[in-house]
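Presented below is the structure to which this report refers.
Note that the chains take the letters A, B and C in the order they are written out, and that residue 1 is the start of every chain.
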Amino acid sequence: MTDDIFILHNLWMIVATILVFIMHLGFAALEAGLVRQKNTINILYKNAIIPSIGILTYALVGYNIMHAVDISSVFRLGVHFPGGDGQDAFNDKFTFYTNFIFQAMFAATSATIVSGAVAERIKLTPFLLFSTLYTGLCFPIIARWKWGGGFLDNMDTPFYDFAGSTLLHSAGGWAALVGALVLGPRIGKFVGGETKAFPGHNIPLATIGVFLLWFGWFGFNGGSIGGAYAGQLSQVFVTTGVAAASAAIAAHFTSHLLFKTFDITMVFNGILSGLVSITAGSNLMSIGEAVMVGGIGGVMVVFGVRLVDKWRIDDPVGVIPVHLFGGIWGTLAVGIFGKLAGWSQLISQIIGIGVVGIFCLVFSYIAFKIIDKIMGLRVSEKVEKDGLDVHEHSMHAYPYFGRKE
Amino acid sequence: MTDDIFILHNLWMIVATILVFIMHLGFAALEAGLVRQKNTINILYKNAIIPSIGILTYALVGYNIMHAVDISSVFRLGVHFPGGDGQDAFNDKFTFYTNFIFQAMFAATSATIVSGAVAERIKLTPFLLFSTLYTGLCFPIIARWKWGGGFLDNMDTPFYDFAGSTLLHSAGGWAALVGALVLGPRIGKFVGGETKAFPGHNIPLATIGVFLLWFGWFGFNGGSIGGAYAGQLSQVFVTTGVAAASAAIAAHFTSHLLFKTFDITMVFNGILSGLVSITAGSNLMSIGEAVMVGGIGGVMVVFGVRLVDKWRIDDPVGVIPVHLFGGIWGTLAVGIFGKLAGWSQLISQIIGIGVVGIFCLVFSYIAFKIIDKIMGLRVSEKVEKDGLDVHEHSMHAYPYFGRKE
Amino acid sequence: MTDDIFILHNLWMIVATILVFIMHLGFAALEAGLVRQKNTINILYKNAIIPSIGILTYALVGYNIMHAVDISSVFRLGVHFPGGDGQDAFNDKFTFYTNFIFQAMFAATSATIVSGAVAERIKLTPFLLFSTLYTGLCFPIIARWKWGGGFLDNMDTPFYDFAGSTLLHSAGGWAALVGALVLGPRIGKFVGGETKAFPGHNIPLATIGVFLLWFGWFGFNGGSIGGAYAGQLSQVFVTTGVAAASAAIAAHFTSHLLFKTFDITMVFNGILSGLVSITAGSNLMSIGEAVMVGGIGGVMVVFGVRLVDKWRIDDPVGVIPVHLFGGIWGTLAVGIFGKLAGWSQLISQIIGIGVVGIFCLVFSYIAFKIIDKIMGLRVSEKVEKDGLDVHEHSMHAYPYFGRKE
């Protein structure tokens, strides 16, 4: 280790940290753009608070849960850097501080995934409480199993999830599914045999969100390398870019075939599904494989949106098709295309998906139910009809639109 | 070549790639903000799909067209990295994969330039088809002439275009001109002797676009160095920043003198014109020269907008004054200020501008005409009047604005 | 100094430059989102012009004022790089050009701070003139006192302000205070004993602004290191992230206790106050100290907003509580938590705050008063009531909203 190369790897991790940070604006803009106008402030408020909850809970407990080498340190409050100061080297690529802040930003994205599925009907404080539990406990425990050197990493054929198709995305997707089921659909969503579409209120805002998510994803996947190694970094950028592109085009054609119109939200879903899908194996795939992984993700998400509707699950911004289905697909794709351990790899992938899924389902169910008992999860019918902005926030997102002033 | 410096140069190229990527959000936001509300989804849809088309066509044919060393490889489908894997070194600064993804993002911007000029009246599928042809064939052929070591690079006094004032911007500008002429003006734009202004529907959105374009341009010009060399990189940043600033101020005063009001879209045009103008010589200019090149670009664009109107060409977001006029000016400026080969340099610049222009005019004309024959380019009068969002996309950009819900 | 490490440090400074640049979009979006709809174009126009003014004045006079080694060079027009070309090394970390462009972007933010406090009632040209004087003269003079090796840096216990809680933020806050006082409140703001709230017109836009400011702040603080040193850089990122997070949560609870509602603008103020607060000592604080510095900043800002209202000062976007109060607090916090020279450090901090404050108050007062004499600062009552967009810009920000077209 020379100092120079240490500074260089550390610099990339720092840049990747900012890129993951800006994904929070991506989620905020996407989700806000896709909800109804009357709930805009509410979803923005959540997304403005979540990164802060993520950073602070990761400092308080998450970092130790994920990294502690002995069991007593797991329960220690406040970041513990064993045998050193935060400025010291965590490994030969970056400092403890860098390790902390990159992962804190990363952990914070896990709660954001959930927020879209429970939008427009969950009370603010219960949601923030769930987010705190989820980013502070659930995510670090899961992440420890693999990235902290836990049992998923120690199987004969280790589970492979490069940047979190399962550990972050499908995990968040399961929690989102539980949230959507526990809360039930929004009033008027499923009436009789009909499914009513509630169009997003500001599509340019959602567009900004999707692009920023794609932008940040280069840091999300690229930072997961843990350094700036030229070959790997450039490959991850190529596969991330290509998979999203392929998924966008696939969703474009699939949704046009199905719906006979060019639904821009399907292109958004496609891009995101492509990104989620490539995440687990973005450092393993060739360009052609990335085209396939992303393309299948892009087709799947269109059918996924329909399926979730058919199941009468109300998922306002498409979290389940994108993060849950896409995450599972991406994790399996590693077993199929990743040139790792063949069938036994595919089995390990299924085990990882299953174990994480069961844990997240149970954790989220218990967490949501306890919070529901204590303070109630769902807003009243009046609040839901009037919109959460007026009742929870005493504000309008656009108080002057349509007025002269 | 040490490994460290290779990783370092490669890292900058990767960061530059993300910066060029985010220019697509810049174009999306700018163009959407400057069209009428009823065509918002349509322009966002195009801009969300174009980067994907760009990446995929560059993977399929563009990369090979631009880089192939023998003629048979030109016609090969799928990226071909001669004698290596994508992770291997393309040169002593970055990998094949980096070369591919930086240029793919770059190529994708070429189609985006066109979209603004044909906005609000071109059908979606024909436009996407044109974009595919343009980014997949036209741009890589032109780029090969110079950056692939072609004839423009092998003249006695080589044509000089550092980051693409001509190869990308004026090229796109010519295609935009052809598109605008083939389609004709929007209904109601030129009635009798009058030119009607159709104000952009969301100026904050356009502002976001302009800033993101400026932001990304630092990577567009800075990445064109092909490495992180401190002296060159810092110079390119300075000239890029200074030229845009100078152009903004120049446009501010020029448009106020002409129109007696502070038209923010003229400041936007100024900034972009300054950026286009400095692109060809951003690694050659001093601070003072950058002030002049940008300043002239900023004055020119205000008159350019008027001129295009006077010619009764309908260019909804000002593509022709910004990218065509600015690109030509910037390319000529290299011959004037660039301290290269004097008069013979200026002649080479004119040759480059001319050859690229003729090729783009012919290519675009044929492409638009063939597509028009097959499926028609322009939407029906009813669709144009109602807006493309309702007919092509069955959506509204802001379905609740001005309503209580 | 090896060449490699020079290129590496320079690269980080270049990346930090872009991050500071995008803060201008952050300010534009935040301020535009928080003003009334009728003044949207006006505030965007200012913010689009300010970075250009900043870059050009810094090139013309600012750089020399801040860096000149002899008195005659202070008055020299045009950037003077002593003994070298811009591409040459300024120090062992970066080039002259890098030094120039990073600081030019930095200087430009100083004027932006003021714009929010004088919004919705100041004429455009007088404001731009003030900005020119402020970024061209006031900021470089103050900055020279510390960062140019001036008297604040040469006290027995040197004043400490790592990235500008005082030199940039509280300085701008004082100028904002003077501006708000000289102009007086907007019509209808304080009537009888009542304070009327004028809600911001576009909260999603403001959200984009806050996130981009936070994003850019990593470059603002991180670039102030003057290199990519791994330990320091990662620490600055951690403290910057943690302080903002802590402040957001603190503002969330404080404002809910006070106002019984979840006011998203208070969370925005909290985030920004946390960022301003940590700026002076972001390279000195531990995680726990950053939590405290940010948390106190977050509580303070909520009371600060109330206090400014109580004083009947009209500060439309909360500049004074965020930048002035936060800047003072952050500078004092260095004396309290910074483990520097104990009481004598705290005294030096107070001296620095005081000297900068007095200079800014006097400079701004004289500048505003002279400009007022020459051309009048405030728009007419009619213009204010109709909105500046119609009168100064002949435009609407959203000409079609609430209409069918």
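Everything that follows uses one rule, which is that a residue touches a chain if its C-beta (ideal position, glycine included) is under 8 Å from a C-beta of that chain, and two chains touch if they have at least 3 such contacts.
Keep in mind it's a predicted model, so treat the numbers as computed, not measured.
If you lay the C-alpha trace of chain A over that of chain B, the rotation comes to 120 degrees, to the nearest 5.
At the interface between chain A and chain C, under half of the residue numbers appear on both sides, which makes the contact a different-residue one. Centroid to centroid, with C-alpha atoms defining each point, chain A and chain C lie 33 Å apart.
For chain A, the set of residues that touch two or more other chains comprises 4, 8, 11, 15, 202, 208, 398, 401-402.
Those residues of chain A that touch chain C in the complex are listed here as 3-4, 6-8, 10-11, 14-15, 17-18, 21-22, 24-25, 28-29, 32-33, 40-41, 44-45, 47-49, 51-56, 59, 78-79, 86-89, 94-98, 100-101, 104-105, 124, 202, 205, 208, 392-403, 405.
On the chain B side of its complex with chain C, the touching residues are 2, 4-5, 8, 11-12, 15, 19, 36-38, 199-204, 207-208, 210-212, 214-215, 218-219, 222, 228-235, 237-238, 241-242, 244-246, 248-249, 252, 261-264, 267-268, 271, 286-288, 291, 387, 398, 401-402.
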